[in-house]
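Quick one: this structure, given as structure tokens, is what I'll be asking you about.
Letters A, B and C mark the chains as written, and numbering starts fresh at 1 in each.
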Amino acid sequence: MLHPIAEIAKEIDARLVGDGAVQVGGIASPQGATEQDLVFAEDPALLAAAVKSKAAAIITSEAAATDAKTKKPLLIAKQPRIAFARAARIISPPRRQAAGVHSTAIVHHSAKLGQHVSIGPNAVIGEDTVIGDRTRIGPGCTIGSEVVIGRECYIRNTVTMYSRTRVGDRVSVHSGTVLGSDGFGYVRNVTTGRYEQFPQVGLLIIGDDVEIGANVTIDRGALDATVIGNGTKIDNLVHIGHNVQIGENVIIAAQTGISGSSVIANNVILGGQVGIADHVRLEEGVIMGAQSGVPTKKVVRGKGIVFWGTPARPLRAYLKELAVLAKLAKK
Amino acid sequence: MLHPIAEIAKEIDARLVGDGAVQVGGIASPQGATEQDLVFAEDPALLAAAVKSKAAAIITSEAAATDAKTKKPLLIAKQPRIAFARAARIISPPRRQAAGVHSTAIVHHSAKLGQHVSIGPNAVIGEDTVIGDRTRIGPGCTIGSEVVIGRECYIRNTVTMYSRTRVGDRVSVHSGTVLGSDGFGYVRNVTTGRYEQFPQVGLLIIGDDVEIGANVTIDRGALDATVIGNGTKIDNLVHIGHNVQIGENVIIAAQTGISGSSVIANNVILGGQVGIADHVRLEEGVIMGAQSGVPTKKVVRGKGIVFWGTPARPLRAYLKELAVLAKLAKK
Amino acid sequence: MLHPIAEIAKEIDARLVGDGAVQVGGIASPQGATEQDLVFAEDPALLAAAVKSKAAAIITSEAAATDAKTKKPLLIAKQPRIAFARAARIISPPRRQAAGVHSTAIVHHSAKLGQHVSIGPNAVIGEDTVIGDRTRIGPGCTIGSEVVIGRECYIRNTVTMYSRTRVGDRVSVHSGTVLGSDGFGYVRNVTTGRYEQFPQVGLLIIGDDVEIGANVTIDRGALDATVIGNGTKIDNLVHIGHNVQIGENVIIAAQTGISGSSVIANNVILGGQVGIADHVRLEEGVIMGAQSGVPTKKVVRGKGIVFWGTPARPLRAYLKELAVLAKLAKK
């Protein structure tokens, strides 16, 4: 479907320079663009490339556009990436699974499905589970009993939710992810020398607008709850242990692991393969570099400060240590 | 269901102080407890909090109970956590999938199912596979041919077992876990410069009382077997390569990886994100700190000794190195 | 089925010394061999063990065979491991899922299946998807719309492919792997302080002869494509981010992660748990030791050179640093 660029400009709150009648039907990068594509370019160099591309129109910034000479329509936005993301949702909305329950899905008679819910082939929905309006559950998902899923969620293929998991509104979960599994809590019996499982019967509570990647594992609480705050984004293959408390708008990159009972405050950013031991506290706005590690019970403070290494220290100090060591080794 | 606390005390071999007629119907933490919950408190501070909570009764230790003043019944146990875990199994047993084969499960006619076996929706059970009494197989599991699973196992959702995998009794496997996949064994053909797969046709043998987390991968042996010993506990997203031999009562925390042909002796503890290269030997009782790494063919010895860093060295030595380096960098 | 060893020798292009009428029916290691098994032994010590074993015949090298005294037939090959792998494919071919679409599979009427394709129980195949001749799709797989899979692929159980994923010929994918999920691309909206998803609508293109382990995640490109070159082998629990370009014959060991837009040239070898940040470039033939890390935008060069540590440096330099530090700490 084609959209006049003037209409897109209006929807995304951008200032249009050029011919508003030009039509766009897709989004692309400059190098991949066809004559019907909308592209974006944040700085003058990228804008020059976009101008030379086949693209129909360009989303850009005020600064980049100042000296630009082109007949292509420019959509000048305060936040070009945000504007481009919004344009993309208008121009190429994702192909939707049709609403309704697939004939092969197995939905317990006591489950409550909202309006326009979609349940894919071979999905299994347990006893007393509640699913909100317009939520989509993909093929092969297995959703346990007494689960509550909010509205407009998009649960992809083969996602597992254990019983009593609670998920907010507009949550996205990618394939293979397991939510609400038992925490890794064992007690060594000093008489037998064998490990026995400590009860893992708490909840997993996931807020609104949370997005979770593929093959992630998030354990339920032992007695209380594991909590993921609103707006937090979690990449592939991340592990979150039992009783962990994660705040709002936290970013967790791939393969990071957070051990039991740790607290990650709002707006923390965790790079990839970070390891957070148990009972750690990361205060608001801390940034952990990739592969860094925080030992048990440590508290890490400093909004906007980057930490690196294991045990994690401020980036500046860590880089100095690396430099000193390299110098010594060269003698 | 409610249980008189005197009955629980008897079952878990605890000494009761207080009114044995008090009834409990659930377990909880002190902060989450209702008037019908049983809680536990190992030390005087936790006991003080438990006494102030709404809880009906408290499992505690002799030492903590000495000076306690409370009307709540106390159950005094030698190992309060073990006692609490046992009480939990009596008070809130997990909701059981009903025995029987779900109408949508696909069980090969040659498969042999024991007494009271439960096979969930859409599970697939292969040719000549044998499943022991009271074992539960969750929805969406795909169990290959000639697999042998013991008694009272609890295999959650969407678990894959490749053909000829052997699993002992009372084994728990969480969702998304893959058992018996091909090892990562390739040979570079010097003529073509391309990699060819070395045969990966051995077995995977898992002992009794093993517990395996979610989205774990354990490869089968190449020609011989990968072996996981009795009582070993494996957390989420762990990788175990081909021909690895793991002993009894080994603890492996999340996201740890063990490469091909390594040997992990009894009672070893591996923290999270530990990396063990191939052909390594960890002797009995070694403790590897989180994110530590052991290079190829190394032998690590020392019962109860903690190792840290990559390459892993005794914790004491490693901490001294860190201190020396930090001091140099401050000059 | 039994095969005369003379026939095997001919098929694998090995020189036969001894009785060609001896029959073999399986492959094994020397310690596990029965009287009908073929084993391999690359060096004199292994050959001595193989000679003492019960094995029927031995694949070995010219050098190892020179002084060997045995009545067992020897198959002398230039590349004994390659020869053994080929013999294995003749002697014990994997048990094949029968061709045809299982009655419980859900194949969209617009999907195009080649000759002798096998679709397992409960597999779901989407709209306009194309599957090449002799490709096998295992039970529980969910293959999206407009996916293209080549010929002779072996897709195991519960594999997810998102829409428009493209897979070459002779590709092997193990269970639980997710191909084509959304990349981890978010933009912070400076007005609201919240993260919004950047479009993740590109492709995932996988070449020929690629082998992918279990529970791997490979994201699609944001606007362009994520690309995996021919002959590349990927171990379990690996993460590959959006827009990553991986060359040919690359080896990626378990739990390694590669962030968005990085380029891994041909013949690179990545050990286990390696972390590659975004926009990194690893040039041809670089070898990254296990757990090493490369920070954002770095270029690493050096065919056959091993790098270790985080940030990764040449192995020689890194080992010297470790030695210097250990020495200082001992003072």
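General remarks:
Following the convention adopted for this analysis, a residue touches a chain if its C-beta (ideal position, glycine included) is under 8 Å from a C-beta of that chain, and two chains touch if they have at least 3 such contacts.
Nothing here was measured: the structure is a model prediction, and the numbers come from that model.
Looking at which positions face the partner, subunit A and subunit C present mostly different ones, since fewer than half of the interface numbers are shared.
When the CA atoms of subunit B are superposed on subunit C, the rotation angle comes to 120 degrees, reported as a multiple of 5. Averaged C-alpha coordinates put the centre of subunit A at 28 Å from the centre of subunit C. In subunit C, the residues that touch at least two other chains are 104, 122, 140, 158, 176, 215, 237, 255, 273, 291, 325, 328. Of all residues in subunit C, only 104, 106, 122, 124, 140, 142, 145, 158, 160, 162-163, 176-178, 181-182, 184, 186-187, 189-191, 193-199, 201, 215-217, 219, 223-224, 237, 239, 241, 255, 257, 259, 273, 275, 277, 291, 293, 295, 310-311, 313, 317, 320-321, 323-325, 328 touch subunit A in the complex they form.
Those residues of subunit C lying in contact with subunit B across their complex are 27-29, 31-32, 79, 81-82, 84-86, 88, 92, 95, 104, 120-122, 138-140, 156-158, 172, 174-176, 209, 211, 213-215, 231, 233, 235-237, 249, 251, 253-255, 267, 271-273, 290-291, 309, 322, 325-326, 328-329.
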